[in-house]
Every structure is written in C-alpha cells, then in structure tokens.
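Note that the chains take the letters A, B, C and D in the order they are written out, and that residue 1 is the start of every chain.
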Amino acid sequence: MQVIRQTEEALARSHQAGLIHGACHTYVGEEAIAAGVCAHLTHDDALFSTHRGHGHALAKGVPPRELIAELFGRVTGCSRGRGGSMHLFSPEVGMMGTSGIVGPCILQATGAGYTFKLLGKPHVGVAFFGDGASNNGAFHEGLNLAAIYQLPTIFICENNQFATEIAITYATRNADIWTKAASFGMPGVCVDGNDSVAVWQAAGEAIARARSGGGPTLIECKTYRTRAHAEGMRDGGYRSAEDVEKWKARDPIKMLAARMPQEQAEFAAIEADVKALVEEAVAFAKASPYPDGITATEHIYA
Amino acid sequence: MQVIRQTEEALARSHQAGLIHGACHTYVGEEAIAAGVCAHLTHDDALFSTHRGHGHALAKGVPPRELIAELFGRVTGCSRGRGGSMHLFSPEVGMMGTSGIVGPCILQATGAGYTFKLLGKPHVGVAFFGDGASNNGAFHEGLNLAAIYQLPTIFICENNQFATEIAITYATRNADIWTKAASFGMPGVCVDGNDSVAVWQAAGEAIARARSGGGPTLIECKTYRTRAHAEGMRDGGYRSAEDVEKWKARDPIKMLAARMPQEQAEFAAIEADVKALVEEAVAFAKASPYPDGITATEHIYA
Amino acid sequence: MRELTFTAATREALTERMAVDPSIFVMGEGIGPRGGNFGTTLGLYEKHGPLRLCDTPIAERGFVGLACGAAMTGARPIVDFMFLDFILDSVGEIFNQIAKMQYMSSGRLKMPVILRGCIGIGSSAATHHSSSYYSVFAHVPGLRVIVPSNPHDAKGLFRTALRSDDPVLFLEHKNILHLKGPVPDESDEYTIPFGLANVARVGRDVTVVSLGLMLRRALEAAEKLAGEGISVEVIDLRTVAPLDMPTVLTSLKKTGRILVVDETFAPFGVGAEVIAQVNERGFDDLDAPPARLNGAHTPTPYSPTLEAAVVPSFDAIAQAIRDVVAA
Amino acid sequence: MRELTFTAATREALTERMAVDPSIFVMGEGIGPRGGNFGTTLGLYEKHGPLRLCDTPIAERGFVGLACGAAMTGARPIVDFMFLDFILDSVGEIFNQIAKMQYMSSGRLKMPVILRGCIGIGSSAATHHSSSYYSVFAHVPGLRVIVPSNPHDAKGLFRTALRSDDPVLFLEHKNILHLKGPVPDESDEYTIPFGLANVARVGRDVTVVSLGLMLRRALEAAEKLAGEGISVEVIDLRTVAPLDMPTVLTSLKKTGRILVVDETFAPFGVGAEVIAQVNERGFDDLDAPPARLNGAHTPTPYSPTLEAAVVPSFDAIAQAIRDVVAA
C-alpha cells in the first residue's frame, strides 16, 4: 500500500510539474484492494484492469520506476512509452494490461480463466473494475460466461461510489453490486474495501475456490477515491467535502496500522524504504530517454 | 390467438411451397403471450420485437394479408417487401419493427418509453424478446436505463427454453429470468406463458403501473415453441419428442377453451372466421406484385 | 465579427434549438449538471432539467439503442460520447438499426439522431482516446458524417444537424475544440448544408483537399508555399458523407493537380475515395497522379515523440504539396 | 483432384490443426453438438468435447472479449459468428483491444484470434444477414482480412490463419459456401500466405480485380468476353489486408486498363483503395481511367426483385469491362 500511495503522490506532483503528458487517474484511498487481492497472486496469474490501474500494476509487481517512466512517456516504461497511464502492460509479471475503455477487462479476465481451464493450469484471471463498469453490458456478458463455464476468474468491483461525477446511486437502483452475482448463479461477496485484511480474506477464499475448480466469484469492495477523478480535474459539486474527509479518516493505510499498534516501527521503516524507492524511481524516469519516433509503427503485427 | 396460429400455419405451408424466400420463425405455441399483452395496447403504444415477430405484429394490428405479403416479398407487404420475416414495420399501428439481430428491441422499447416520458404522453413501449436475449448485454443496459429513468416500458421475455438449440439452462446458471429484475431495482414477474389469462393479468398490472408513472416491469413468460426454430430446419437432437408433446398438450388455445367450456360455439365461429380471413390473405399475397427493382435504393435518407 | 470556440459555437446552436423544440434531448456521461466533459452542454441542465439533459451510466450501446427507439417515436436525441472512441460498443445499434431504420420501414420512420464526439490525435491522449472513424461511418449507407474545421462551420453544420431527419455523426477534433474563430451574431440564422465543401483558399497550381485539424495545417502550409511561388487552392470537405465532389472537380479542372491530406488511416480512407472519384469523373483533368498524405497506419502511441511521428506534420504537408506540383 | 465444398475444406484444415494444437478452441452459437449453422465444426465436438467446441449464449461482445483474453494468455481462439452481421456488437473489443493488443504491449503479447463468419447478399437473407464489412476491418491497423473465392484457397488460407499470431477476419460468401471445387489430398500441406493475390485468368486487354463471389462472376464474364475478342486478366485478391498491389500493378503494366468489381459499397471500399494505389504506383501505366463496379450503396432489401437490383449482375460486369476496354 505504501508503494502505491507514494508512487501515486509522486505521479500527482509530476502531473502538476508537467512531466506527465496525458491522463492520470490515481488510486489514492483504494490501495487496500489491490494489495489485499494481489497478495494471493503469482506472476502466472493474469490481471486485467482499467483506466485507474496504477495500483493494480504495482501490486502485481511492476516496479515503480517502470510505471513512472511510462507516464513520463519514456522508452523504459512498462509499455515502452506506447501506452501511458491507461495502457499498462507487463505480461512478464502477469500484468496483462489496462484499458482506456471501461468494460473489456472483465471479458479478458474471463478469457484468461478460459485458457487456464482449457490448458489445465492452476492459475486465475482477475479483473479489477469500477462501479461504473457494473452497469455496462460487459459486466453482464462476462460474468455470465464465467459462471456457465465455471472459470477460474475473480471479478473485483471497486465501488468508489462514483463514475467520474455520476453517483452509483444514480446509475442503478440497486447499488449493492455484489447482489447482482445472483443473476449468474455466482457467489457474490461484499467487503469493506478500505480494510486490507478483509479484502485479503475474501479474495483468498475466492481465489482458492477458483484454483480448485469451484468457479468464479464477484467481490464488491466498497471504497472511495480521495483525490479527483483524474489529476488536474475539478473535484467539487458532485460530492461533499465532508464525505471526502469522512473517508480520508478511513484511510486504508491508517486502518491497517491501527489494527497492529505493536508494528509501528515496522510500518515506519517500510514507509521510509518506499520513500527512497519512489524517489529513485522518479529520478530514473526523468533520466530515461524518449522513444525514437521512427519506432512508432513497430509491433502492429506479429 | 387463432389469427396468429392459422397465419403461422399458412406461412409454414407457404414456406414448404417455396413462396417464402428467406427465413421464417413461427410463433406456434406462444400465442398467448402476444395476445395477452397486446390486448392492453392501443396503436399509440410502441411495440418492438425480434426475429420471431409474426405473432407480435398480428396481435398489434397488422392485418394477416400484409404480413403474408411481406414474407412473400411483395410490394403490398407491411414493409413493402424490403424487410421479410425479420423486419416487420407498421408504425401506423404502433408496430415499430422487428429485428434480425437479437437485443436491440430491448433498447428501442426503452427509447420509446423515454419519448413518452419526455413528451408527457400516457403510452408505453413494449419489448418482446426471447430467453436467449436475456444473456445479452442489451438486456442489462436496457433494463437498467429503463429502471433509473423510471420509464413506461414493459419487458416481455418469452422463455421458450431454447435459443435455437441452446438450452437456457446451459446459457445461464439462473434460468429464472424474472429474478434478474432485482439487479435493476425493477419489479420482476413470472407467469405461465401458455395461459393467456395469466399473461393478460400480469401485463395489465404492469402496463397500468407504467402508464401512471410507476416505471418499468420485467415479465418472464415460461413457454415453448412447438415447431422447429425456423421453418425448414431440423428439430431433433437438442430436445426430446416427449417434451414437445408435453407442451403441445398445454396448447394456449386449447387451454383457453378449456377454461370457458360454455363458449365452445363462439370459439368455433372465431376459428372459422379466421380460416376465411387467412385464406383470403394468402390469396391476396399471392396475387400481389413484386416491387420494382428500380426502387431498391429509395428511402435510405429522409 | 465576434470570436467563439468550437464548443461555444455548437452550444449556441443547441441552446437556441432546445428552446424551441421540446423533442430534443441530450444523453451522455456528465452532460447534465457537469455540462459535458468538453463543456458541450454547459448551462443547459439548469434550463431544461434532467430529462432533457440526461446523464447516463457507462452503457454506450444501451443509450444509443435507447436514442434509436426515441427517434422512432418522435423525439430528437443527441448522444454526446465525449471521446468518439467510446462509440464502438454501439456500432451494432448504429449500423444495423439507426442507419437502416428509414430504409427498412420504407421511409415511414425518420431517424433524427445526432451522435457527437471528439476525434483526433494529440495531447498524448493515447490509443483509446484518439480515434477518428469517419471513413468507417461514411462507408455505411444511411449516415451523415460531419467534420468541421472552424467554429463558424461547426455552428452552421450543427444547426443543420439539429433539423435533419437523418442520423448525423458530428465529429470535432479535440485539439481545435478550444480554438476561437469568427462566428456571426446569434441573430444570424445561417445554416450550412451537408455535402457542400468550402474553398478555404483560392489557388492556381494545385488542389489540396482536407478536413478538420489537417485543413488548418494545410492552410498554413499553403501560406508558406505562397512565399515559394506555389499557389495552392485548399478545399475543406466539411462533410465526409455526403462528399462534395463537384467542388473538388471544379478546382481540379483549374489546377490539374490534387493532394488529399487526412490525419487518419490511408487504406480505405478519405483520400482513397476522393482519388477514386477523381479518376471516375476528372481523369482527363489530371496533369499528375493524384496523391494522398495520411497519418501512419497504426494504433496511436502515447509518448509525445511517437505521437508526433504518426500525424502529418506541417513540413510533411508542405513537402507533399511540392512533390505533387513537381510531379 | 477430389472436390470439396468451402465448408468441408476449412473444416479439414481445422480438424487437422486441432488434433495437434491443444490451444485451439472454437466458440460460437451452435458450434458444439450441432456442428455449426453452416457445418463449420461438424464432427469436432464428438472428438474434442465442450471446452474446445464451446457453445455460447447470444453474447457476441462477451465471447469476443473472452477470446481476446484467452489469446493474451496462450490459447488460440476461433470465434464462429455464423453470419458476420453479428460481429457488430463486438466491434469495440476488436478495434480497441484485439487489433491494438500487440502494439500496446510493444509486441510482448500476441493475438492469435480467428474471427470467422459468412458474408454477402443472396437468398433473401435481408439486411441483418447480408453484410460484408471487409473494407471497414481493413481500414483499421492490426487486422488481417481474408475473403477466399474457392475451396482450395479457403483451405490454404485457413491453414495460414490457424498458425498466424495476428488476428484474422476470415470471411466466406454464403452463396458459394456449399459449392465444390478441387482441393488437394489431405496429405498435401500447402498453405497460402496472406497478401498474395492469385491471377485467376490470364489476359491481355484489361485487368479485372475482384474477390469472393464477384470473382467467380467476373471469371464467367471474362469467358463470355473472350468470345467477343476481349482478353480479360482476372485477379483474385484473396486477402483485403494485406492487399497484394504488386500483382495488380504487374498486370496493369501489361493491360493498361483496370476495373475493380466488388459486391460491397463503393465509398471507401476495395475499389477506392486499389484505385488510389494504382494512381500512386502505376499512374503511367494507365491507358484509361481505372474504374470500379460495386453493389448499390444501400441496406440490403429482402424481396428477390429488389435484392437482385443491388448486386452487380453478370451482365453489368460484362458491360463494365467492355466500357473500360473502350475508354
């Protein structure tokens, strides 16, 4: 969680400094989810995510320097500068990609589950997506396909209450997204997405079930993003400052620390280590070269 | 129901005789649904349907002669010969169209509901679609939109147990389609689709609620088609002859007749009248001219 | 004349028309209280409320299909995609339903739907926020496809779209959306018909056909080449469907040389179609092979160095014009 | 040589390859026990079972997206749409994901997906079962687009598709699917590379470029015109992306005249692209304006009289060839 938090904050500062050319959607406030889920995954498990994917990439094992370099548009970035914030690829660690389009990750994770079942492998496909995606047809079709084929796929819905500025309570009359699993005859689970231990437990159960042939699970994590939808965007009007403060008080990092008061020194040490790591990563990214324009049309075909 | 049954049987015979050039999906066995629902509709209400739409067109008020002529490819057909079996249009009577693509009718009926709400009209939009369509993303997006805007739209799912040869119990782990309304915070109702009175009652309640601003309803009608998926197709392998017989015994026309034993004479009179009507309609269609090839590119733009 | 941005110009047309036509409503993500990601509907929610400025879930296929049904029953929906890239999940509703509805119903249903979104490469928006599919939509019968290059045209064409009974794709390049240009007073009710190109610059030696952002770049290149003694006529197509070939052919008759400059993919693109029609209807006027200059045939990369490499630059346009003149 | 239908020919290629490559699976509606609406997978379910012959709900977007994710993780999915018309709900997954995946991942992911479906106008299938979108798919970078005209080529090209790491659209005209043609024995492991056109008939006076069903009609017309003393060279493109222009240009050098015959829409279509490239690379070889003959730019009507009017007929093709020769 520290790696995600501090990297995101570095990215936010870099965005203000003009080092990031395109969009930048941070994961601040939602770190417990990626951390809690990815703790159960190996590089052989396949993770698919969406526009708010920095946290997932980091938790899956993409080094901060590769993420930051990518957003800086450098050739050392995880997508070699081709992708930017919304197109993060690192298949080497099972980070199969993020997408600037809402929805596809649900289907692709289903496809990964299909491959693993077809080839008899014990891995899982995992999709991370927002509450906004749950009203999209991809949710309906993807979850149904995963259910009927009993695929090893885990659907993690990060319900941070808003899709940009549209409240989930506006976008559906049933904002308990986990209940929709019933339409597909699939287990649906609801957890406090700011409680990393609760996420870790729920994900652990679901992933173990999937690995042993028990099929998919939908896990809704109720959470909140505490920064604007994207860096540089206004953050007023659609939600109250009090709500933001209320959720900041439920900061997942603080919540974990509060749970283990005896580990304060350890937490402090981690925080300091990560600080150094992220500083080094920013320096690395800044020092990295831009890709050569001449390579712009490579890799379109195999 | 007699008009639908006898027209369909005439169409099936005509198909065998080579008078129908393209596809022909009959509605035999499902007549109670169109009849029960459309009894509540006027020409101002907007009906949208799918590939199996003959029954809906007839129940909404398209004369048999226009339907038959359309399938015969004649200029007197309800779509002037441009459409055929899967593209039936008669906006004059509120038959807004059928589609050779599964799914869109759900969204278009939602749109009709939107217009009626926007313009303050007391009409309803109605979508008829199969169990197969309920696993399509259009179902999820359409029902959700109708629910959040509380539109006067009625969703009639004709669950005849199969999509072509794929059983609904294969295509979803939750074959009680009406329960999926809960995902959208919408009332979901289940009726015996072969019982015209039950359909009539359920549709009546839902339509009255919609007209008075109470929003949409999903009605699942459990039914069965007793002919092949389409005329000329094999009808074996995927379902048992016993099942077909079992459902034939639940013939909606016979069931209604059994309900009102004192009305046998009336029923017989209707049957005879309809026979004459359909015979006349076939003769009319046969005698009608084909459209002139030169008109093939008219009406692409307004 | 006063100066407005593209967005302000089309918003004026929309505001004016919504006040008199109660059947118009707008759907999209954030077009309600927020006023649109690009400000396309700013201030209208306060006037007309949530039914006419309808915020949506992320369900592009759903609300495009809804718009189709609404248009079939007497409303005039405008779907605002913000980025055109998001249109793709609704292609089934557009190709199979919206584009075919008038035809299938033998003209008894109309299809007054506007589908608008911003297009184009720039600002490191990356490959899911940079697409322009106008050639794809223009291939399909039943659609009108509009790509304005300045606020004046944007307003006049949007006014036409607001009265059209055909479905209209209204596409504005995101890198010029905020640029200002002269627009007549609100009292001037000018409209611009679909299918009428604009001779944006008169010249003698070569005809350059373009649209959108590239049109502006081509005009700059023409300016520079004037200094080299090359007189360039620049034609702004403004609409891709219908395509105004008479204006192009008239210019070609004068210049004998033609270059099509288009940001998007060459294969099966605007240049291909213009050149094919030039061959069919103006072959004898050609003093040199008709040519095209396009963006690279590739997904759009993110990094600024890569992004710049996939779009025709000012220099590349100028050189392509010189080449056609020299051919 | 033995004779097989298109369907039997591609099924043979599929059967052979599925036996040796366990990563191949097929998805679609009715491709399991039923063996496919057109018999594309007949007999394979019995051999390989439900995981490799996977029947689906009606969820085209869903299973195309699934196929994308499966290909990213090491499988080789084949999506069988029966009618290509049903592909449209999945265009977002194809354009934004499948076509761009290799690029976005800088070549670290491969995308071995085959998307197959039947195309074309005929048999009063009406407008939702008659489409051919090959020009649309060929406009987008990252896809291979195949349109065979005979069983021999269908098998050879399908074999190539089964080994390709690029996404392939494999499109067969429904009105020739059941026609038989010579196909070498199963022991002959010939393949046909993408991007290699076939000179289907050698001639002197004019080059006719075509594909799919129209190729066959063009060959018949050429036969007839031989009797009139016109020697027609007929080129079968076979693949629309990549397009084999060298073969076309070599022929043009000889004949000096060219006509593109294509069933689908003219605007932004195959003819437009071929003609644009002819202008770019073979302008000096042209003795007459290059021409194209297309189906009408309209949704497809149902009635046989209307349907026949929107497709290039044998007579129309013969006349168009005469016109180009006389020009």
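Everything that follows uses one rule, which is that a residue touches a chain if its C-beta (ideal position, glycine included) is under 8 Å from a C-beta of that chain, and two chains touch if they have at least 3 such contacts.
Computed from a predicted structure; not experimentally measured.
Chains touching both chain B and chain D: A, C. Centre-to-centre separation between chain B and chain C, using Cα means, comes to 40 Å. For this pair, chain A with chain B, the centres built from the Cα atoms lie 44 Å apart. Between the CA-based centres of chain A and chain C the separation comes to 35 Å, rounded to the whole angstrom. Multi-chain contact residues of chain D, defined as those touching 2 or more other chains: 56-57, 59, 61-62, 85, 88-89, 92, 96, 103-104, 127-128, 141-142, 297-299, 301. The set of chain B residues that touch two or more partner chains comprises 79, 82-83, 87, 99, 101, 103, 135-138, 140-141, 144, 148, 170-172, 300. Taken chain by chain, the contacts link every pair, so each chain touches all the others.
Contact residues on chain C toward chain D in their complex (touch as defined above): 61, 85, 88-89, 91-92, 95-96, 99-100, 103-104, 127-128, 131, 135-136, 138-142, 241, 243, 265-273, 275-276, 279-280, 283, 289-292, 297-299, 301.
Partner chain C is touched in their complex by these residues of chain A: 21-23, 73-75, 79, 81-87, 99-103, 132-133, 135-137, 163-166, 170-172, 237-238, 290-297, 300. Put simply, chain C touches chain B in their complex at residues 22-23, 25, 51-52, 54, 56-57, 59, 61-75, 77, 92-93, 96-97, 101-111, 141-142, 164-166. Remark: chain B residues 135-141, 144, 147-148, 170-174, 179-180, 182-186 touch chain A in the complex. Note for the complex: chain D touches chain B at residues 29-30, 33-34, 55-59, 61-62, 85-86, 88-89, 123-129, 296-299, 301-310.
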